[in-house]
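Each of the two complexes below includes subunit A, the first together with subunit B, the second together with subunit C.
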Partner chain A sequence: MKFLAVWVLLLSALLPVVAGLAGTVQLDTAAWSELFKTPGLVQSLTLSVWTGSVASVLALALAHVVLAAAVTGGWSGRLRAASLPLLATPHLAVGIGLTLVLAPSGLLLRFLSPWATGFTQPPDWATIQDPLGLALILGLVIKEAPFLLLALFAALGQVPAERLVLQTRTLGYGRLKGWLVAVAPLLQRQIRLPVAAVLVFGMTNVEMALPLGPRTPPPLALVLWQWFTSADLDMRPLAMAGSVLLMLASLGMLGLFMLAGRLVGRVWRFSAGSGRRVTSASGGLMPGGLAVVVGTLGLASIIALLLRSIAGPWRFPAVLPEHLDPAAWSSAASVLPGVAGLTLALGATTALLAVLLVLAAAEPLRSDAVLRQRVAMLLFVPLLIPQMSFLFGLQILLLKLRLDGTLAAVVWSHLVFALPYVWGLLAEARASLDPRFTDTARLLGAGRLRVWLTVTAPLLLRSTLLGLALAFGVSVAVYLPTLFAGGGRVATLATSAAAAMTAGDMRYAAAHGAAQALLPLTAFVAAVVLGRVVFRRRLGVPG
Partner chain B sequence: MLLVARLAPAVAGDATVTPVPAAAWAMVEEEARGQTVYFNAWGGDEAINRYVAWAAQVIKARHGVILQHVPLADTAEAVSRVLAEKAAGRTRDGSVDLIWINGENFASLRQAGLLSGPWVAALPNAPLLDTHGNPTTVVDMTLPTAGYELAWGSARYTLFYDSQVVLVPPRDPAGLLAWIRAHPGRFTYPQPPNFLGTSFLKQLLFLLSPELARARFAAPVGADFDALTQPLWAWLDSAHPHMWRTGRIFPASGPAQRRLLGDGEVDFAMGFNPAEASRAISRGELPGSIRGVFFSGGTLTNSHFLAIPFNARAKAGAMVVANFLISPEAQARKADERIWGDPTVLLVSTLAPGDVARFATLRRGPATPESVGRGFAEPHPSWIRALEKAWNRRYGVR
Partner chain C sequence: MSGLVLQSVTVSVGARQLVGPLDLSVTPGQVVSILGPSGAGKSSLLAFLCGVLPPPLHAQGTVLLNGDNISNLPPEQRRLGILFQDDLLFPHLSVAGNLAFGLRSASNRRDRGRIISDALAGFGLAGYETRDPATLSGGERSRVALLRVLLSAPRAVLLDEPFSRLDPATRQTIRALTLAQLRARSLPALLVSHDVDDVVAAGGPVVRVGNA
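Now for the complex of A and B:
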């Protein structure tokens, strides 16, 4: 009975996935043998593994080094602010924006042409969709490094970073090296699940691979997407077998990453034990520079997309469009309010439910770190399985429950993807509250509920606000779950942006993408500002 | 629902249209009143979305039917959903009432028994269709529509080029190949299985095949596939090395290629709507120097349709909506390039004088070629999969 809330939480997160998988994973031997006869299957799979894992390693390394440089260098506030727009902008929008920067007809070469390059026509270069998938890797790093950075910022609350850095300083280490030796490994332990989610997303995403990925052959996720959306219904069993293969590959890579993580940890300890001191301040320059390059490319992508949304004809090599034309925005303005309103309502409902479920389940687990970790791992399962492999099955479950196409179904599907993040943030925040506050209140004769309402809840307010913003952001961003659970009838900014992107009118699409980015961005800023306002006269309230 | 079911046997059978008893249609209209029709249609084009929104307003005012556009990123999403509903045993009260569809999707749904019908002959406006002059309105990629889908608009495969760079556009495969060789890196086509890419293959296949062999494409693919398609692969083999990205990367879709054309990365794009480039020019999406042209030997033509899934909730409502969408008023507005620019499926010359005038005042944009010349009907749908597979084996993996 005590754990009722925990069971409710787990059931609402995992039932859709289990039911969905059951509907997808069928042993169709004909489909499997057909799958293995597909030309280029091995190359496709290799590409998925290569781009996903390299991007994850790079994003992780970048996030660590940049965080270390930022915190020890005193610019972590600015870093957090700069990463928010990247975090809030949907993958597909960043991906398309990046093509507008990197493509031979993109901003980068326009800036250099014709005065430096001599080009009056875009050169025939594969700067995007290159056969090695480098552009795809870059795109993934741009999106995932800020996400991991946010996870690291959250983990910072559980690690006595300042004390550790101080200790290493007294031992003669420079700031950066001290951080990397003493703090980073502790942080890494906290963000294993987000890293795993990044790896699986990198291997299985369609959003980034579509604009940036190689084509002959494409990464496996794109091949599957083509099969799932094929008019030929005979392709569906093939697509399902393929998505199981992709799932197995991602699980295998997860295992490999865990092994590699241990190995790196050992090497790390060994090198830390060497005792070599690095004190030069220039150590922060390289990571700082890298962060600037990746961040600038990311922000440039967003700007390029926005610029395109108001551009008239724009021939190479003009740096700016011939004239500006707000037509796309004014025509989008006629449909956006309705769609945005529904997106807002869905996001708010998802956020409230997620926070309530997590707070209720966090209460009985507040002093049990092991169980909390187990719950976290279970909640992360939906993020560790390729979405395609369970969404079709989920759709059939919803149909049987007669829930398909309802707002409730959409909220449920959004919850599945929001809960792991909210749990990671809020359950830990609850656990790190000093129990003496509530003990004192209980001693003074207050009942459980009153203690929770008057002591616990206010102390958790700031984390709760962030949790709400986080869940809201997830709800606004998810495309495939909205599509499948909503039966196509629920049009959110995510679905209308995706539809607009397929039409290729960049200006209309960019207007939708911008609106989709703006909502979570506003929520994050509101959460931070509100937290500050409420607590401006109180000292030492946890953030 | 019941009324429609009772009506159906009366109008079943062949697609040749006889006028519908007014009383029967009045019953359908009566049943439709108050129904909500979920119209699953590709929602990527804002002009089309606005057109559907206009239709919804009119239909609500005149017939009391609520038309709800369900914008899709891909029609297969709706096909998938109907399939899932069948798998879940939902034989009525389905989520899709009307679906914008053609070719392969129609063949798939029809074969799987997932379409309702025949219902087309029951529509009062059905006799206005140009079934003789434009047989693609009743034969969808060689499959007779048999009253299970209603032609909504027609299409012709059109090449678009930048007249500032391409002074004399090539209009046959040999000329195109010569142009490509002379201008390395400036031509490409969407990657099959994207439908425009596959259509490019079909278009070339027709043009490269001798007249006698062309009839063969109306029948399913057979053992002679390799021999029949040999000229196509030879053409592609010699063109690819001189194409954009040396034929190793292809744009993902027609719109993606249109963007490349607008950015000056290539000099050609292609589409099924002859008015597409004119519209893009007026929106400022393409430079004003873009022009359209048909292949001189004939161009691939087809129609796109409206169908009702087997388990639709609002069948009567869907029929009322469909009937309005092929009315001269709705068709003329659709054909207006300032609105959408989708060619009509009606035989304009037989319409009432007032309706003829609606079409007579339409203007062609600067990049819209005149719709004359020979049309090729689409090959049997099995050719699509076979061409895609063969293409993928040859060029899809490097």
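Now for the complex of A and C:
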């Protein structure tokens, strides 16, 4: 009874996944043999593995090196503040925006032309959707490095990083090497789940692969997405078999990553014993520069979205359009408010439910770190399975229950993806409240409910607001859950942007992508500002 | 029978007994000191008396307060006040808000405000009502914490090393103030401390727990 709220939380998160998997995983031998006859299948799968794993390794390495330089160089506060907006921006919006930056006729080459490149026409280069998937990898790194950075920041709270680095420096090590030897391994241990989620998402996403990924052939996730959404219903068994294959491949890569992690750890410990001191005065410059490049590309992609959505005629080397023409917005004006309103409503409902479920379940687990960690792992399960692998089965189940296309089904599917993040933030914030606050309050004569309302809730207000913004951001960002649980009939900013992208209407896609990026950003700013304003005269309230 | 009485109280972790069996009687106005090494279960004993002993710790025995068995009451009905080494003022409330949270007597808003202002003035904190606790000095925070406990009209007070974080000069002042207030109100009190000066100042019997 005491753990009722925990069970409700776990069931809300895992029921759709288990039911969906049961619906997707079917032993249809005909479909499997047809799947293996599909031309380009091996190339598609290889591309998925390649882009996903390279992007994950790069994002992880970047996050570690930049964090090391930032903490030892005293700019970690600014780094953290800069990571939040990038985390809040949806993959799809960044992906679409990045095509507008990187494409041969994109912002980047416009800035360099003709003075540096000599181009007066866009060159015939494959800078996006390139066969090697480099643009896709870059897009993933831009989104996942800030995410891993924030996971590292959260882990930092449990490691005496500054004292450890001071210790290594007094032993004669430079600050970067000192950090990488003494602190990074302790942090890495705590961010295994986020890294696993990044790897699986990288290998199996549609949001980034759709705008940036290769086309001949596309990564497997994109192939499956085309089959699932095809009007030809005979493609469905093929798509289901394919999504099981993708799941097996990503589970295999997860295992490989775990093994590689152990190996790196061993080499690491060995090299730490070599006693070689590396000191360089410019230790912070390179990581700082990389952080700026990644951040600038992320910011540029959002600016590109806004610019493209209101651009009139825009001849190639010109950096700015000749004049502005908000035609995309005015032609979108008939649908955009409705679509944005529905996105907002879905996001708000998801956020409210996620925060309530997490707060209720965090209460009985507040002093049990082991159980909290187990819940975190279970909540992460949906992020370790390709979304398609259970979403399609879920769609069939919803269809049978006549619940497909209902808003409740869509909210539930969003909840599955919001809960792991909200739990990570809010359950830990609850646990870190000194229990003597509530003990004192009760001894002063207040009952449980009054203590929760007057002491616990206000002290958690800032974390709760951030949790709301986080869940809202997830709901606005997700594409496949809306597509599948909504039965293709629920139009959010994400599905509209993806549809416009597929139809080749970049202006329309940019307008929806810009709106999709601005909603969660606004929510984050509102959460931070509101949390500051409410307790602006109370300096002791936890951040 | 008035005062705080412990009857064969034990505190254990699993099969390992930390404290007791302890029989103890604290009369009104008396401060009994509990001494013992770190980890001997002194704070756990206080947590048991408060009714907030966290698992895996568990305890047995009876606690009587002014003759009533309070062993099975929820914390908010025990009428025990506690002071920790951290003042634990609620950071989201003003000084007056903190005091009002604990204040038991008077129900109308104006009376409550007057009681709080008078109490603050009596402790040398006149005009501190709207202050943010985070902006107070250590000594001021200790005074507010003591006042918060006293205004909640406890029937006994538990002191868990409440002076140990203060600098030496402040420490003496706050200790004298606290002990004088407890005596003036004839409150029975239990003091957990490492500091011999605290125990001497308390002046009551000394109980040793653990193998010290």
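As a convention for this text, the second predicted complex is superposed on the first by the 469 of 543 C-alpha atoms of A that agree within 3 Å, B and C clash if a C-alpha of one lies under 4 Å from a C-alpha of the other, contacts with A are read in each partner's own complex, and residues count from 1 in each chain.
One rule holds in what follows: a residue touches a chain if its C-beta (ideal position, glycine included) is under 8 Å from a C-beta of that chain, and two chains touch if they have at least 3 such contacts.
Since the model is a prediction, treat every value here as computed from it, not as a measurement.
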Subunit B and subunit C placed together on subunit A: clash or fit? fit
After superposition on the shared chain, which partner residues are touched by A:V533: those of subunit B (first), subunit C (second), both, or neither?
-> neither
Between subunit B and subunit C, the one with more contact residues on subunit A is chain B
In the superposed arrangement, which partner chain does A:L27 touch: subunit B (first), subunit C (second), both, or neither?
neither
- Could you tell me if A:G487 is touching subunit B, subunit C, both of them or neither one (first, second, both, neither)? first
Query - First, second, both or neither for A:G40, with subunit B first and subunit C second - result: first
Exercise for review: For A:F228, decide between first (touching subunit B), second (touching subunit C), both and neither.
Suggested key: first
In the superposed arrangement, does A:L259 touch subunit B (first), subunit C (second), both or neither?
-> neither
Applying the document's definition of touch, where does A:F316 land relative to subunit B and subunit C: first, second, both, or neither? first
### Query
Is A:L210 contacted by the first partner subunit B, the second partner subunit C, both or neither?
first
For A:P122, decide between first (touching subunit B), second (touching subunit C), both and neither.
first
Rounded to whole Å, the nearest C-alpha atoms of subunit B and subunit C in the superposition sit apart by 48
So, in the complex, the side of subunit C touching subunit A is made of residues 47, 50, 52, 54, 74-76, 78-82, 84, 86, 88-93, 101-102, 104, 132-135, 148-149, 152, 154
The subunit A residues in contact with subunit B across the complex are 39-40, 43, 103-105, 121-122, 124, 126, 129, 131, 210, 214-217, 226, 228-233, 236, 311-316, 325, 327-328, 331-332, 334-335, 392, 395-396, 399-400, 404-405, 483, 487-489, 491, 495-496, 498-508
The subunit B residues in contact with subunit A across the complex are 38, 40, 42-46, 49-50, 68, 70-81, 83-85, 87-90, 95-96, 103-105, 107-108, 112, 184-185, 191, 193, 244-246, 248-250, 252-256, 258-260, 262-265, 283-288, 385, 392-393, 395-398
Subunit C partner, complex, touching residues on subunit A are 367, 434-437, 439-448, 454-455, 458-459, 461, 535, 537-542
